[in-house]
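One chain, chain A, appears in both complexes that follow, with chain B as partner in the first and chain C in the second.
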Partner chain A sequence: MTDIILNKIGKTYPNGFHAIPSIDLTIKEGEFIVLVGPSGCGKSTLLRMVAGLESISQGDMMIKGQRVNEKEPADRDIAMVFQNYALYPHMTVYANMAYGLKNRGESKNVIDDKVNNVANMLGLEALLQRKPGQLSGGQRQRVAMGRAMVRDPKVFLFDEPLSNLDAKLRVQMRIEIRQLQRKLGTTTLYVTHDQVEAMTLADRLVVLSKGKAEQIGTPMELYSKPATPFVAAFIGSPSMNLLPAELNDQGIKLSEQLTLPFEHDFRGKLVWGIRPEHLEVSDENDADFAMRIQAVESLGVETLIHGVLEQSDGASTPLVVRLSGPHTPEINSLMWLTVPEHHWHIFNAETEQRLSES
Partner chain B sequence: MSVYFPHKKLPYLLLLPQLVITFIFFLWPAEQAFEQAFYQEDPFGLSRTFIGLDNFISLFSDPIYYESMLVTLVFSFSVAFLGLSIALWLAVMADRVIHGKLAYQTMLIWPYAVAPVLAGVLWWILFDPSMGPVALWLKYLGVNWDHYLNGDQAMILVVISATWKQISYNFLFFLAGLQAVPRSLIEAASIDGATPFKRFWTIVFPLLSPTTFFLLVVNLVYAFFDTFGVIDATTQGGPGVSTATMVYKVFSDGFIGLDLGGSAAQSVVLMFLVGIMTVIQFRYIERKVEY
Partner chain C sequence: MIENRPWLTFVSHLSLLFGIALVALPVWVALVASTHPTSAFGAGHIPLWFGDQALQNWGSVLFDNAGSGVDVPVWYMMLNSLIMALGITIGKILISLLSAYAIVYFRFPFRHLCFWVIFITLMLPVEVRIVPTYEVVANLNMLNSYAGLTLPLIASATATFLFRQCFMSIPGELVEAARIDGAGPIRFFFDILLPLSRTNIAALFVIMFIYGWNQYLWPLIVTTDDAYYTLVMSIKRMLSVDNGDVEWNRVMVTTLLAMLPPIAVVVGMQKLFVKGLVDAEK
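Let's look at the complex of A and B:
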């Protein structure tokens, strides 16, 4: 069952700036959708348009079959968690959570039940009489979520809710948010610039760039079949190696000396990509090419090796290789690599679209 | 780490002008007034007799002095209340204006630059029973305006004049306070289903409370001690003593009534009041309002 439909939604600011040209998105009930992209890509604007905090310039926004373009935020039955939590600083945790229910005219008993219920779920019982100023960042984050949950809305909206937390807490809250959302089954729209957060949380991801949806799909679809070089580079850390190339009768020509055999009807410029984890170390004899090692980052569980593609003409194309476990190759030595064809990502350089399978 | 200055005299030299001004215009007259409060002096200042606390005794047994206290309270709280509410309303409106914001804000701040006496004269002309446009207009409405005869009307006039000047000051602080309220709080409240009216009273106004409290004290001090010019230019404390605040009475008893000792005793009482106000100000204003 569909829950939210964005039909050719667009946003134009009064100064004529097209923040979002046109986006189509259909969200199923209970789905966890993550809007991800670099800063300034329009992801927060889109979320605020769903919330009703930002007007919609064109298109239709439907929530549960109702057009909500002109509806006030309060009438859309949504709840939002803000980046800075936006807790009311002069109210206790209890009053913060009860505020929305009070505005809806719920009775005192109902409010009490609901607030206590949610407080139990989030482990906030002991904090109900405190003010936000007396809470830690993680606790505030929890209260902000509690305030959203207590109203039992149709849709949760999260605007980079974890970006103010330290790394450890962020991982913990990420898991918690995912579990809570599963348990409550509430449709959720979540904005982040962090691709790890996006990948781990989402049922489906929307990768945005300059107000356009580059690709919409499950995390694994985006990882294994990115639709554009932008998505390819954005998803995965460290990002995919993307090399300018050309397709001719011999195959993919990466440089004057280096052509990887490949057959396809397409002829012309393209972008050839391979993820750092898909480059394989090999013997000199079987290798597709060599990399001159420049820097090694050892993380214990994995090792990132930065270098340049070794070419006789001196052109340097940077490459990253990711190997599991510890490795200690020498700087400036050569590393021989093979590139299995099923891991290649090939994009038309002009249209910036993934080349269809031949 | 503290910075150490080798010069011993330079700091005192730099402070000297301010110290001299403080001494000549504040401490010396205060001491004079304090001394004078215990003497009875002839109108020409040629002779004086020590009379102990007689000036104070006659002051506190004078019903007119209590009336003056009442006038001061009514005047001060009216000015503070009106000044704060009108300024807050204007600030809320100006905060919502999108086009020409700066023009509105500048014009609203202007009256603060007008000298108190000029403000008084301005309103005095506007309300003059025989030629003032506002008084004429009131007459058309059936209100017989004559603040020379009607004590209540005189009070309204001085309250208006004094408030008008103070609104700009309050406006400035309220506007800054409003702009410091995070937008996301308002947005969160609107998602939480609060109407604009409710948002203001449950979110914005409580968050403004430190500003409001500060302004309340400042406005009371202003109305108590700093409105002599306004009153002198509009009503001269009259009719009768209906607009003679305690500060105005010091002037009229001393320089018009030539009761220098009695006037000095009144200023000692006022000094005492200022002292209390200052303590309140330091105690509560500096206190961090916690929310």
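Let's look at the complex of A and C:
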């Protein structure tokens, strides 16, 4: 069953700025959707439009078959977790969680039951009588989630909820959010700029750039078949090596001295990409090309090697190679690499679309 | 680094003690003078130690008619002052809260103009507009009434401005969270905004109470009926007696009585007051 439908949703600010030209998205019940993109791409605006905190300039938004464009946030049956948690500083944790229910006119017993239930689930029982100022960042985060869960909404909205936590806690909360969402089965929209968070949480990802949905799909689809160079560069860390190239009769011409054999009907400029983890070290004889090593980042479990394409003409083309385990190649030495063809990503340089398989 | 220079400590303590003496001496003199008979001041020197008339002086000042043509006792004038001061204070806070709420949270046409018009009234205190204000109050038949004493002083640009700043410092996310939690404008005002501006309200209460209590010119002009005389304005009246024989002991008692309520307010609300001016617990 479909839960939320965004039908050609758009946002134009009074000053004429098109924050979001037009987005279509259909969300199934219980699905975990992550909106991801660099800052200023309109992801928060889109979330706030779903919440009802920003007006919708054009298009229709439906929640459970009901048009909600003009509805107040409180009437949309949504709950939102804010980046800075937005807990009421003068209320206890209990009052914070109960406030929405109280405003709906629920009876004291019902409120008490629900709050205690959620507090149990999140391990907040001991904190119920404290004020937000006496809580740690992680606890506040939990209370903010509790406040959302207590209302038992149709949709959860998260606006970068983990960005104020330290790295370790972030990983822990990420897993917790995912488990909770599975358990509750509530449809969720989640905004983040962190692609790791996006990949690990999402059932489906929406990659946004300049208010446009670049690609919508499962994390693996986006990883293995990015639709545009933007998505290719955004998903995966370190980002994909993207090289300007040209397709001619011999194959993909990366530079005057370097052409990789390839057959396709297309002729013209393109962007050729390969992920750092798909470059393979080889002997000089079998190699497709060489890289001059400039810097090595050893992380123990893997090693990132930065360098430039040896056969580049004029402007040097940077490359990154990712090898598992520790390696200690010498700076300025040459590294020979092969590039398996099934890992190539080829985009039309003009339309910025993935080249269809020939 | 912790400095340890004995002579510096000594000098600074000495200057502090001197400062305290400078401020406290007049109060001391007033307190001592209030315990002497009227005759003690005739010789032209000021007594520095207590006399034996304390109970008598204080009792007669508080409960007998004030004299010099004033037919109400001092306790009654204190009551008048209190009603005026509280009226002005509470009225100012209520009106400023509401106008700041409107200006910060509601999008209505000429919002900014409204704010600046309110702000400009800072340049028009009672003393400047006293003649037209008197005319208005007289036409509305509010001379010699509590309404006449308080209403013209009740609008406050300072308080509106302060509350505006306070509201603007409340994060937008909090407002949005309340909206999602189903709090309408009135609920939001009472449940979120009021508790969050508690300390500011306390700070303003102190400042405005003292302002209201110390009003001199306006009560002097707008009241001719003894029943509405305030304490501060009648001190002056007690000094202007015909034969030049000022009853200093009674004047001093009245002065001390006039000082008490502001002190009580400051001492009682000190904690909240300082918090309101310094601390932002948002």
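Just so we're on the same page, the second predicted complex is superposed on the first by the 354 of 358 C-alpha atoms of A that agree within 3 Å, B and C clash if a C-alpha of one lies under 4 Å from a C-alpha of the other, contacts with A are read in each partner's own complex, and residues count from 1 in each chain.
Here, a residue touches a chain if its C-beta (ideal position, glycine included) is under 8 Å from a C-beta of that chain, and two chains touch if they have at least 3 such contacts.
Computed from a predicted structure; not experimentally measured.
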(message) In the superposed model built on chain A, check whether chain B and chain C fit or clash.
(response) clash
(message) With both complexes superposed on chain A, which partner does A:Ser55 reach: first (chain B), second (chain C), both or neither?
(response) neither
(message) According to the stated criteria, A:His90 is in contact with first (chain B), second (chain C), both, or neither; which is it?
(response) both
(message) For A:Asn103, using the defined touch cut-off, is the partner it touches chain B, chain C, both, or neither? Pick first, second, both or neither.
(response) both
(message) Identify the residues of chain A that lie in both the chain B contact region and the chain C contact region.
(response) 51, 53, 72-74, 78-80, 82-84, 86-90, 99-100, 103-104, 133, 147
(message) If we count contacts the way the header does, which residues on chain A are in touch with chain B in the complex?
(response) 51-53, 72-74, 78-80, 82-84, 86-90, 99-100, 103-104, 131, 133, 147, 151
(message) With touch defined as at the start, can you tell me which chain B residues reach chain A in the complex?
(response) 182, 184-185, 187-194, 198, 202-203, 206-207, 209, 290-291
(request) Using the touch definition up top, name the residues of chain C that touch chain A in the complex. (result) 171, 173-174, 176-183, 187, 191-192, 195-196, 198, 281-282
(request) Report the residues of chain A in contact with chain C in the complex, numbered from low to high. (result) 51, 53, 72-74, 78-80, 82-91, 99-100, 103-104, 133, 147
